[in-house]
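Below are two complexes that have subunit A in common, paired first with subunit B and then with subunit C.
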Partner chain A sequence: MGGFFQAFWDIASSNSTYLNGALFAAFLAFAATGEWVAERAGTLNISVEGMLLAGAFTSAVGYNITESMILALFCGVLGGLIIAGVQAEMSHRLTADQFVVGLTLNILVLGLAGFLDNEIQPATKLASSFDVPLLSDLPLIGQALFGQRWPFYVLYPLIPFTWWLVYRTRWGLELRSVGENPQSADVSGIDVNKRRRQSIYYAGFTSGLGGWFLIFGQIGLFEDSVIGGRGFIAIAAVIFGGWTLRGTLAGCIIFAGALSFRLSVQGLGYEVNSELLQSLPFIVTLLGMAIFAHRVRAPAALAQPFVRGLK
Partner chain B sequence: MVSGSTDLPGAGSSMESAPAVDLRNITKRFGAVTACDQIDLALTRGRIHGILGENGAGKSTLMKILIGLVLPDEGSITIDGEATQIHSPLAAAELGIGMVHQHFSLVDPLTVWENVALGDAGRLDPNAIRNRIGNIADQYGLRIEPDARVGDLTAGLRQRVEIIKCLRRDPSIVIFDEPTSVLTPEESVQLFASLRQVVADEGRAVVLVSHKLDEVLHATDDITIMRQGKVVDRLLAADADAPTLARGMVGRDVSLRSERAALGVLAVDDPPVDHVLAQPDGTPVLEILGATAHAPDGRAVLNNFSLKLHAGEIVGIAGVEGNGQRELGDLLSSLISLDAGSVVVDGHKITPGRSGAMARAGVGVIPEDRHDSGIVLDMSLAENLILVDQSAVAPKGFIDHGALEAHANAMIEQFDIQCSGPHAPMWSLSGGNQQRVVLARELSQQPKVLVAAQPTRGLDVGAIEYMSDRLRAAADDGVAVLLISSELEEILDMSHRIVVMHAGRLVGEMPRADVDLERLGLMMGGATV
Partner chain C sequence: MSAGTAHRQNSRLREWIFFYILSIIAALVLSAILVEATGGDWRPVMNALLDGSLRRPGRWGETLGTAAPMLLVALGTIISSKAGLINIGQEGQLFVGAAFATYFGFLLGGPGPLNVVLILIFGAVGGAAWAGVAALLKFWRNVPEVLSTLLLVTVGGQLVAYGLSQPWLLLAPLADRGNRNQVSTQLADDNRLPRPEIFGNEVPSAVFIAIALAAVVSVLLARTTWGFRLRMLGRNPRAAQRSGVGQTRYGAAALLLSGAFAGVAGAAMLAGGGFAFGNYQLVPGFSANIGWTGLLVALVAREKALVAIPVAFVFASLRTGSSFVGATGVEGRITDVIQGFLVLALLVPPAVMFLRERQRARAAATERV
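Then we have the complex of A and B:
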């Protein structure tokens, strides 16, 4: 047991644990922020996985062509928006089942990304680091939160902006009402499916940013396995967080902690079965869901399609 | 007044001004059903126009056309002398038409001001909306806390929010759709007082849609009666009386007591003669003891609720909708479990919430929403009849189609179900016949207790009569009948004993003969008297 605690302490006091944890959390947060918006409007948007992968791929290709990370950002957003467009128009204009559409999209994007990656083989690199003066000198979390590569910092304005959008604007009020009671929203004169489509586009936007961040802020190269199911962990973070933005971010941090812990265990030379470690974040996610999922209240119309005129 | 109609009595001096709304020849079909058939309707400023009709008469469809939720197939709409088309609720709002909806258009988790702001355009300014709410509240005596969560409010207060939401846009035409269905009698009186004020102020035109004669007679100026999608009569409230209205609504003279009760014609404080039950024998067949259950948000939906039911008696549960009646029905359908308390059926303690346990113990249920939990619309009549218990037609787990058909035919005959045969799909039956199927299925189980939740909702008058007779007959045969209804008249007409529910609690209990309406109304509002 002593060994266990020693190991735990080593990991908890290692800077790299926090550094990696922040990177993982940031990536999840990009995706989960938009996913949260989509779910508040009533779509359980499982194509977030595909949006992330598309965003990562198109930003890599964008950089390959333009050699500009800023332009790559726009390409990444475009990639996310394209997948969002298919999801939104299919599920909230043609009223196809949102899960079938999402599932299909995820598989399609995975296949396309693998194929096109081989064809194009986009060359990318990591962005430069930027230390925020003073703050980056804080112990443990200083480097993790304020000593990252610059794409990391895009997240900082994104979160309060999203909060403001959802809680302080008319658009946000309408999208919340659409997720809770689409019939009432319709009667009040709100175009329910339009708001839902827009909220999915917002998820595409943030996921596109997330894909771009992953390439230029974290790993520096594209492979078709870069997302590796973490889009689904982002969905779990929204549920874990009880459909509040604060809770969603807390979920991202906890799940990222598990991902980071896994890396640190190996990095610090402890020997644990690596397959078991691989599954750790998912086990934590499941446990988190088991403990918290029944205590929170989902948007009342989550995952329910809305068709006008039907009762 | 009602221009364009030839048989209008007492058309007066306001004929020269153009009506606020003039609907001509409005027709709307849903598949084979014509919900509105060449309807003409004119609304005048400064007057309350009552639209009276049974469920399914086409009132709601007509109003949805006016509010832009449904597009008419034919006909013209003229607002203040200008021909127009209304494609959406937003377009209706721009034309000055507002509606207070029957099933509220409110979003529970949002606050009052957020709900009031829904559907506006432009920047969201919470303080401006709070001020507007305050102004309307002062003007019409509709006090409300703008930062309260709508889900926490009582039905009366929620309706207040709904009215404020409607009045905030300063509509010139206001529609009230069945506004009293969720209110206590006292709240209804308050509502009609503010309704008068809404009309008096700035000469608004108000429509009151209702299936209650009494309400229309006392709260309106002009009356239009609809039946089966058509306008059958137009008259002035001052010239109308209840029997005339009832005849117009049903299409024939209304004589039977339960019909009159269903239509609200009956003076409810005169107890039915045949409703004095000999003292029931001692042991109750159904005994609910201290039942307590909570909604996911922690609110107690049943709160230490106890009730005893004896063989042969009909006990009516009175109360404003949403005070635990639905949960009581769910409890006896094994749909919910209890946090505390117990249920004893015929001397046996039944575990609440275990699927089918109540049904096996002898509790039959006519559920509140037959489409939701009473029948399967896409299955056949014969299949629907055996949903609860297949043992008679499938003794070894395989369905014997001959027995199934024989069983269905027997039920069709016994309950006089109008259908094309035992294999008719359920959706092809009318509402009244669907309800007969539910009744047939539950009664064929020979239950000891029969729970009838809103058994006549949405049925036409003939079907109501049939249901009432059957329930009485069941009680005469020794079944203990628990009648849950939001129609007070129905409860007063049928029950031997009346129990009042408020906020999940039993607030009062009295034999039918001792009913004092005022006291009953107070109890429904939550007062312990």
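Then we have the complex of A and C:
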């Protein structure tokens, strides 16, 4: 048992754990903030996985063509928005089932990314690092939070902006009301399905950014397995966080901790069965939801379609 | 009056058919454009697909054999979605089912034909157990089953892979491994599902099991009290609860049953799939996306068990055809894309029809006033 604690301590005090943890958390947070907005408006948007993959792929292709990471960012956002468009228009204009659409989109994007990746094979590279002066010298977390590659820092303005958008604007108020009680919102003159579509577009926007961040801030190359189910962990983070932005981010950090722990265990040379270790983040996510999911209150109209006159 | 109703029904049917054909064509054209845009030619791809799925000798038997597990998965999905539950973890349930079938089938190792039945039953038990985890999380801890079933796919896959690396679980003894690291012992000849030969095609008998079960599920859902309760639960959980259909009891049963079907599919792949599925051995990645595709079959069939039969055949054709596409110089994964476009396109007509019906109803209502 002593060995176990020693190992745990080694991992908890190693710099790379925090560096990787921050990267994983940032990636999850990009997806989870958008997903949170979509869920507050009443869509359990499982196509976030597809949006991330589409964003990663289009930004890789964009970089391949333009050789500019800024333009690649716009391409990534565009990729996320395209998937969001299909999801939004099909589930909140045509009233197709949102899970069915999302699931199909995930499979379609995976197929498309695999097919096109083999045809195009976009070449990408990592962005350069940027140390924030002073802050990056903080012990343990300094490098992790302020010594990353520059795409990482896009997250910092995104989170307060999202908070402001949802809690401090009329649009955000309408968005939340649509997720809680669409009938009342409808009666007071809010176009319910329009708000929901917009919230999905916002999820597409942040997921596109997330895909772009993954390629240029974390991995540096595109494969069709880059996302590998982590979009679903982002959804779990929103549920874990009880549909608050703070909680969602906390969920991202905890689940990222599990992802990073997995890497560190192997990196520090401890012998743990790799298959069991691989499933650790997913088990932690499931346990996290099992402990917290029944304590929190979901948006009352979550995952319920709105058609005027039907309830 | 009756003539008018018949006429209206006829025109409605024509509308349905029109929209369906339109969306299928749209999906195919979109795929063809994609092939052309990446420098391929769609005609040879089309030919290769038909060759690989139907025309070449022995291929349609192969296609039927692929369709069988897809259909089984789809049937389970239909049961759970009728009850208003969204089980999307069939891929994992199938894999765990196959692992249970391998472990217990091998462990018990009775005389031939009896053991095949045991293998199928333990497949069902394994699939149900894995779905049961999600059911437990949902009805005890309030975790949405959409997410838990999905996350359990990865966990299940890794657990079975772990089992395949441990000699005391699933890993074959050194002599039987060949050049592979993670592989289970091959099922003995008399432990396999028979593959009778019909018109020069080997047809796995899982096909007959699957079709029979499709009929059973269809009757069960449409003609029994249990099926009625399940549908009531799916349509209006609150009303169902008030009339004595407990969500926990019936919902959990539906979820377990859908997992059991996925597990049977896994066991059938193991005991009767032949070379297409691991060659009677369990290997990592054994489930080979059959669970996902079966789920899509159920979605396209719109919760109708009998409709799922032809749909499963079409999707199986895309899969068996894809192995021939590579020879045309176009990446074989194009079939994944075609499949995705098809499913997406097939979601449109029902939604459009729903909105049109509503418009019509509203128009009729205002006319009367």
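Observations
Keep this in mind: the second predicted complex is superposed on the first by the 310 of 311 C-alpha atoms of A that agree within 3 Å, B and C clash if a C-alpha of one lies under 4 Å from a C-alpha of the other, contacts with A are read in each partner's own complex, and residues count from 1 in each chain.
Going forward, a residue touches a chain if its C-beta (ideal position, glycine included) is under 8 Å from a C-beta of that chain, and two chains touch if they have at least 3 such contacts.
Since the structure is predicted, the reported quantities are computational estimates derived from the model, not experimental observations.
In the superposed pair of complexes, A:G114 makes contact with subunit C only, with no contact to subunit B.
In the superposition on chain A, A:G189 contacts subunit B only, with no contact to subunit C. In the superposition on chain A, A:L286 makes contact with subunit C only, while subunit B stays out of contact range. Touch counts on subunit A: comparing subunit C and subunit B, the chain ahead is C.
In the superposition on chain A, contact is made by A:G229 with subunit C only, not with subunit B.
Note: no residue of subunit A belongs to the subunit B contact set and to the subunit C contact set alike, using the contact criterion stated above. Within the complex formed with subunit C, the subunit A residues making contact are 44, 46, 86, 90, 94-97, 99-101, 103-105, 107-112, 114-116, 118-120, 229, 232-233, 235-236, 239, 273, 275-276, 278-279, 282-283, 285-286, 289-291, 293-294, 303, 307. Residue ranges of subunit B in contact with subunit A, taken from their complex: 69-70, 88-90, 93, 99, 101, 103-110, 114, 117-124, 165, 296-297. Of all residues in subunit A, those touching subunit B in their complex are 168-170, 173-174, 176-177, 180-181, 183-190, 297, 300, 309. For subunit C in complex with subunit A, the touching residues are 34, 38-39, 86, 88, 137, 141-144, 146-148, 150-155, 157-159, 161-162, 165, 292, 295-296, 299, 331, 333-334, 336-337, 339-341, 343-344, 347-348, 350-352, 354-355, 358.
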